[in-house]
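So, here come the structures, one by one.
You will see chain A twice below: alongside chain B first, and alongside chain C after that.
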Partner chain A sequence: MVGTAEPRAAIEPVGMPRVVMPGAEPPQPGTPAPRIAASRYWRRSGTATLGIVVTVIVAALVLPPVWTLLHTSFAPEETGSSAGGVTLGNYVLLLRSRDPMGLLLNSLVFSFVAMAVSLAVGGVLAWLVERTDAPFRSLAYVTAIISLATPFILYVTAWIFLLGRAGPLNDIYRQFTGTMGSPFNINSLPGMILVEAFLWSPLVFLLMSATFRTANAEMEEAARISGATVFESIRFVSLKLARPAILALAMFVFILNLEAFEVPALIGIPGRVDVLTTEIFRSVKEFPPRIGYASAFSVVMLLVISVLLYFYGRISRQAERYASITGKGYRPRPLRLGRGRWLAGAIIVVNFVIVLLAPLLAVVWIAIMPFIRPMRWDALHTATFKHFLDVTSSAYYLSLVGNTLIVAAGVATAAMMLTLVAGWLAARRRSCGRIIDQLIVVPLIFPGIVLGVALLELALRSPIPVYGTLWLIGLAFLIHYMPFGMRYTYAGVLQIHPELEQAAHVAGASIRQNIIRIVLPLLMPALSSAWLFIFLLASKEMSLPLLLAGASSQTIAVAMFNLWANGQGSDVAVLGLLWTALMTGFATIFYILSRRHSSAAFGN
Partner chain B sequence: MIPRRQVLVAPACAILFEAGDGLRPAAADAADDAQLIEAAKREGEVTWYTGLIVTQVVLPLQSGFQKKYGIKVNFVSAGSQETATRLLTEGRVGTVKADVFDGSAPFEPVNAAGLIQPYKPQEAAGYPNDFKEPSGLWTAQMVQITGPAINTTMVSPADAPKKFADLLNPKWKGVMAWSNFEEIAGPPGFIGNVLMTMGQDKGMDFLKNLAGQTIANVPSNFRVVLDQCIAGQYPMVLSVFNYHVAISQAKGAPVAWLPLERSTLTVGTIALLKNSPHPNAGKLFLEYCLSEEGQQVTRDAGYIPADPRVPAKTATLKPDAGHFAVSVISPDLFREHSKEWIGIYRTLFQ
Partner chain C sequence: MPGADIMLEVRNLRKIYPNTSAGLSGGLQQADFALEKGAFFTLLGPSGCGKTTTLRCIAGLERPDHGTIRVGDDVMFDGESHTEVQVNLRQFGMVFQSYAIWPHMTVFENVAFPLRVAKDRRFVAAEITSMVERALDTVSLAGFGKRSATRLSGGQQQRVALARAIVRQPRLLLLDEPLSNLDAKLREEMRNELRRLQQQIGVTTVYVTHDQTEALELSDRIAVMRDGRIVQIGSPRDIYFSPCNAFVAQFVGSTNWLYGTLLEVMPGGLAKVGLRDGGEIVCLTQQTETARQDIRISVRPEAVSLAAPHCQPPPKTNRLHGKVVLAGFMGNITRFQIDVGGTLVQVYGDPTAAYAVGDEVAVDFLFSSARAFD
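So, the complex of A and B:
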């Protein structure tokens, strides 16, 4: 967002600092930067102050909910009233869950395999799109963006519908074999893995494509010239260079899967496949929700994740070795795949069909049928546009669009501004970088309801009247999506060799100029991917607005939940489709603008 | 023990449903009405936390009330889970923001936290006694009747279960589902109905055998469960609202509702909050929702109105007109037994 002169008032909230970036051409080769000891450079540069400021902001956002989390995890079971006392009861209950080893094993298998699948799908696509001359490359973007824009309940409903007993896949099987069986069973561990993996593969794709777009192609080319095959150059060069970014991403997605509630619950519970979070899901659905129990689980997860982060920190210590954006000028050139081009194209198309087209068709089917019925040709004549008319004729929905766009765009922008600096400090391992990196990942393990309740309490006690306003939802979203923004900026900064910043510093640039003129333009692909990602996710996020919105701050997701909970399945599908279309329009405009900008910065 | 009075058969039910007619105290309350309206108008607005369908119930009630009294209605639409959490947090901090809320699921914890303001609406004077709490803690806004439903393209009427015992037929093993919501309309209410109908010992034997049928627990609301039956995922589902079935039937969906020996009758409640910002507007709004006019709106959306003066859109959805027997499980009866029934659900069926 920052650092561009492109007109994009439609998605840019008022009040954004607008910085015009002079000289977007790449740094010229052949002007060797004087080498100075890194420590001396940073001591003089005043990063300490910046580090402290960012740490204070992040801590102010993260620590109050952490306090609530700890507090409720030790509170006696009869929450709901402010009963005092301290107990370990919630932790004891965790140990007493039925078959804890089996649950742990299921959780690990689910999280690891789903992570591997998202990484493979998203990673391969990102490489094909950014580094090769494969056909249909923009289709991969369309797939990622539209599936990110699709509301979660619709996406899961579509998969349950597609792979269900009466779904088209089982139908086709029965017609071909003439038997009555249903070989595809969505309510199973593979079913859960599949949906979870598809859910996050667009995230992986967007993150990896930002990484690959800015990676220096010279090394790949050198490998090819030295006689390496395409696969060898991928294995020994492309993947090696992206290693810290991929590792960070793998761990991030693994954590997302480990703490996921919705997919394991909606798909696993009917098939009696339980994971660690299943019992937590049940406990927060009780009346009143057992928040203490969910909090205890989150505290344990927090400890596990801290250990993971510690080991990750050791791996990424020598991250500079992987930086490929250096002071030398470069122009990434696509790898020519030759006859492999069509195979690559086929992979992109298959991904489009499975991840986007199939579920979208199911949603369209639900939207045009008078009631939810199996996909059959003989049912087609009952198609109706009544649901479209119902939804479009109500002014109520229109009134919610503004709220949703304001809060989603505002949060995406705020999160990017914060995580740009935070990601830079963390990746450069500068003052407070380590602490910021650890703090910012914490919100990832808050169950929505824990974060929501913490903010409800804070807002009710706050002297500033934020209760029930869009500001409160914005704050909740910022805390919730900070970790996502951080993954993008962190991976992006790792790629930029510090020598560029050192050179700028020697040339007399201040920290501010350094970040705005050097880091920001080079980070633009990562930042715009992240902005889009947070914007799309925040605009469809349901659980936080349901808990926090007031009478005048309802969002479109609240309306969708209301329809869904009251049995208007077809109206949900229609509203979801219209919303997805609107978001896709926004995203496309944004993508074209940011692409144009990145061409200016990277010269491709 | 469960009081026998709660178990109604059709003829008794008919009497009870009509008993309220003509009981509404008339002109004597006119002065009270005027005072209440005056006080409500001074407050100028009312805040309503609701789980009802916005486009078909909430917006019409909002505009109807605003037109009639010129008092603004702010509504906050959310799930019952979120409504309960919000109200409990507001109560804990001591800053109540809502005046009125609906839903019997959030009512229990909110009442347990001592946050309810008792009020006996005049408009509900003619409602059956089971449809209102004696001290005015809650009043029924709508009637909810639950039981099994079948997909009629997958199950022929001849094969459809007629009695609870038919559910134990081996052909139903692994193909039945219900919501996992631990509410009156979900498995706990179904279990309560079985125990009330068959008695404790026979009922428990039946439930143990039923658990052997491996019923799928769907972690979604009753409507979604019914939709999965219509879509063919499950040929039979065990506890869905009969008015949802009627709405789907009207659209041509292949689905039928099965009143076995007894169905479960419960109510959707509406209640006032203690120390609320607009107490009089809250009372007036409650009166409006329970008036004939407000109940018409509820009926037009497909719900079964609690007011005996207003018939259901499909008349046979009410036990008297539909000639089926029900076990009435009021919020109070559910509170008494919920621990036991939820316990049975978790031990046998999860």
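So, the complex of A and C:
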């Protein structure tokens, strides 16, 4: 993911003599020495071809959506095709549409406040878990991992129930006060912000705890020895050192929120709170679709996000400079909280209840009730497994599972194969490395919904009938998740000492053999983490397939969205629960792998 | 009994790290020592011997299982009464192995930090400036104050860490393998500098290293540690010339081992030994009674001299006969390997000694330069 894997320069051993031992055996006396084919420099470099091939593939994936989007946004609305020349009509329309400033303001407020909340929650939690002796620390990890596996739509459904009119919170309020009001209104901007913040706080927690874990404890100890109190050493040293990392993470989460679709669509639209992404979705899905108008909106969003990403890049480079490698394997002595220990434990438990237990209970309740009704003891006797039976015996649902697993696994594999070579070329500054590095991060500026719009236009014009097939969804996912894979492989290659590869070449390995027999095995932990990460994200992504899926190419997330829109909440709950259970297994593997990977890379 | 000039007293210190998989691992079993004011004290030992644990307990970064740590008249830690002075109130200076230079501060701010967070008194700006400049001057970094801490070489980072450690005139200076990340030439330079600086400011210093050359050159006193215990404490000369056991003899400096059987204890702490490979020698022993037992004898390579086979041996000297296997001219010395009845003996000879491989030579060493161990 964009925030985690920071490329670190390989550590050069100090004062080690550089002696290359020729490992080849002396030629046997009887056999004639093989002639060594000398070739000219300019033909010799096999990476040149490889670099050009990879560049062409990446460019072919990345550039058409950008071009299409720009082109359509400047095309006249009536024709909607390339015939009509250039016009600013769509942008004028955008300014005249209902309340464009309000949309932008909603988007910004929603993104910023949700970012601040999830950063505060995740950050405090990460500090408590990594740096203090608070009880129940592993509970925080369990919460984060299961949340990572839960499809957003399931999560949002749960919160809509919890805070909705028939939900337990309003229900309890009514029982206590005896009135009929519902003080909690989920379909509002604060409601959206709250749910979005809960959605991302587990990710913030995981990323921040990695920051705290890999920080050099000697930095803090030096402050303590110098006479600083715990509070002073946190204020003057720990927080200052972590500041670039925290800023970068804040920027990252802000962008995620800006691009968010699930929460605005499920909570915002019914409450008539619109943001940029829902406006784009709406103008594509209404009849007749206003593609040009949506494209103009998308271009505006691309520009905003490009600016943000530029600053994100600068900040995260600074974070890398601050990242310090520990001299010794000492675990820092955790801070003794004394009586505050139990307060800290309470925070961890409350987080578990709010972020995981309550939504999960709500979903279970929805799943076992014949219809959606308030959570009461006396309703429990109507509990039924009917929905479970319906879902598990349905061939339709089974095909959804199949579709999703195939697409997610296929995309993860394709993305890793491509980014292994791309990351190697970029990290080793081989031919075309720079161009590949620049090209491959372009999809980062696409919110899922915007990429969906662009690919929709491409597919409609394409001579090959791809619209409505799984292939199109797979292609969209590949473009969308390539940058994530690149982060892992690029950082991973940087950690392989170049001499390991040089030794392979000296021993006679070709470039292909070097990549397959040296780089690939050494990168295996990073590759498998990245594979699982992309797999998990792709299998719960909703906005892309929502625009691109045809009748036979639906994924779980899309089906759940449609079921939800049809009012089949119970089926959504059952499907979601089963899917979450499956994905939790994958997420656990992902977590264990990435933890082992990072300790192998940074610890000793 | 803390005397007037005892600066650091460590009694009965113990810190064990429980290891879930393999019982106890690492840590410190037992440490006792007392240092006079101004002493340069080195904890020397192989990795995992407990030297860093000892240092971190003194610093207050680890809480010992039990024992007492006293600095001057103040108790820093006492396991009996559960007293512990917080690490930030101990007023020590410490240089870490990674230097731990804060990258978000300038050199000046790094060094000024201990003054800015001082609890016992408030330093005004002018005072801070002059104290920091004096500290930077002491480590030969005058004028580097405005430099960003990320733009320093390894040696410069080391000096900044040192300046930060001494800026407040600490009661103790703690050094955790500070030279191990420098290259060989710089290491030698910093070694001299460190000693000069310590004598100049007169601060009581505890130094941790696994490098015996550093320990011998820098220290007033050395504690050799092994498996969480102090094996021997003494001056560098004591440690080198009178090692208390085979481990110390082997770990500090290099040595030759001869194997044999104790034949007879003689007056003056000497003993007659029959070598396994033939021949008899006289060496120092701590044994007081003659008991026929297998022993090994340590002889330092520089204590051995080579002579022509038929000349008269000097008095109180053992003589063995051998053949030159290897002769390596190293400039200041010539390093020989001599095959003495099957045992290879290292000899650091005079660079002008011209024995060639294959020559028959006499191998001489004084009775008092050979030492018997169990």
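Note that the second predicted complex is superposed on the first by the 318 of 604 C-alpha atoms of A that agree within 3 Å, B and C clash if a C-alpha of one lies under 4 Å from a C-alpha of the other, contacts with A are read in each partner's own complex, and residues count from 1 in each chain.
What we mean here is this: contacts are C-beta pairs under 8 Å (C-beta built on N, C-alpha and C of every residue); 3 or more make two chains touch, one makes a residue touch a chain.
Quick caveat: nothing in here was measured; it's all calculated off a predicted structure.
Enquirer: Applying the document's definition of touch, where does A:P288 land relative to chain B and chain C: first, second, both, or neither?
Expert: After superposition on chain A, A:P288 lies in contact with chain B alone.
Enquirer: For the overlaid complexes, name the partner, chain B or chain C, with more touching residues on chain A.
Expert: Here the partner covering more residues of chain A is B.
Enquirer: Considering only touches as defined above, state whether A:V353 meets chain B (first), chain C (second), both or neither.
Expert: The answer is neither, since A:V353 touches no partner chain.
Enquirer: Go through the superposed model and pick first if A:E232 touches only chain B, second if only chain C, both, or neither.
Expert: After superposition on chain A, A:E232 lies in contact with chain C alone.
Enquirer: Check whether A:I372 is in contact with chain B, with chain C, with both or with neither, and answer first, second, both or neither.
Expert: The answer is first: A:I372 touches chain B but not chain C.
Enquirer: Would you check which partner chain A:F561 touches, where first means chain B only, second means chain C only, and both and neither mean what they say?
Expert: The first partner, chain B, only.
Enquirer: Could you say whether A:E221 touches chain B, chain C, both of them, or neither, answering first, second, both or neither?
Expert: The answer is second: A:E221 touches chain C but not chain B.
Enquirer: Have a look at where A:L303 lands relative to chain B and chain C in the superposition and call it first, second, both or neither.
Expert: Neither partner.
Enquirer: Looking at the overlay, what does A:L460 touch: chain B (first), chain C (second), both, or neither?
Expert: After superposition on chain A, A:L460 lies in contact with chain B alone.
Enquirer: Any idea which chain B residues touch chain A in the complex?
Expert: 47, 51-55, 59, 74-82, 84-86, 88-90, 92-93, 95, 97, 105-106, 108-109, 112-113, 177, 180-183, 216-221, 223-224, 226-228, 230-234, 244, 247-248, 251-253
Enquirer: Show me the residue ranges of chain A that touch chain C in the complex, using the header's touch definition.
Expert: Where chain A meets chain C, its residues are 14-15, 216, 218-219, 221-229, 232-233, 236-237, 240-241, 243, 321-322, 324-328, 333.
Enquirer: Residues of chain A touching chain B in their complex?
Expert: 80-82, 160-161, 164-166, 187, 265-266, 269-272, 281-282, 284-289, 370-374, 382, 390, 394, 396, 449, 452-453, 456-457, 460-461, 467-468, 546-547, 549-552, 554, 558-559, 561-569
Enquirer: Which residues, counting only chain C, touch chain A once they are in their complex?
Expert: Chain C residues touching chain A: 52, 59-63, 86-94, 96-98, 100, 102-104, 113-114, 117-119, 150, 154, 161, 164, 168, 174, 181-184.
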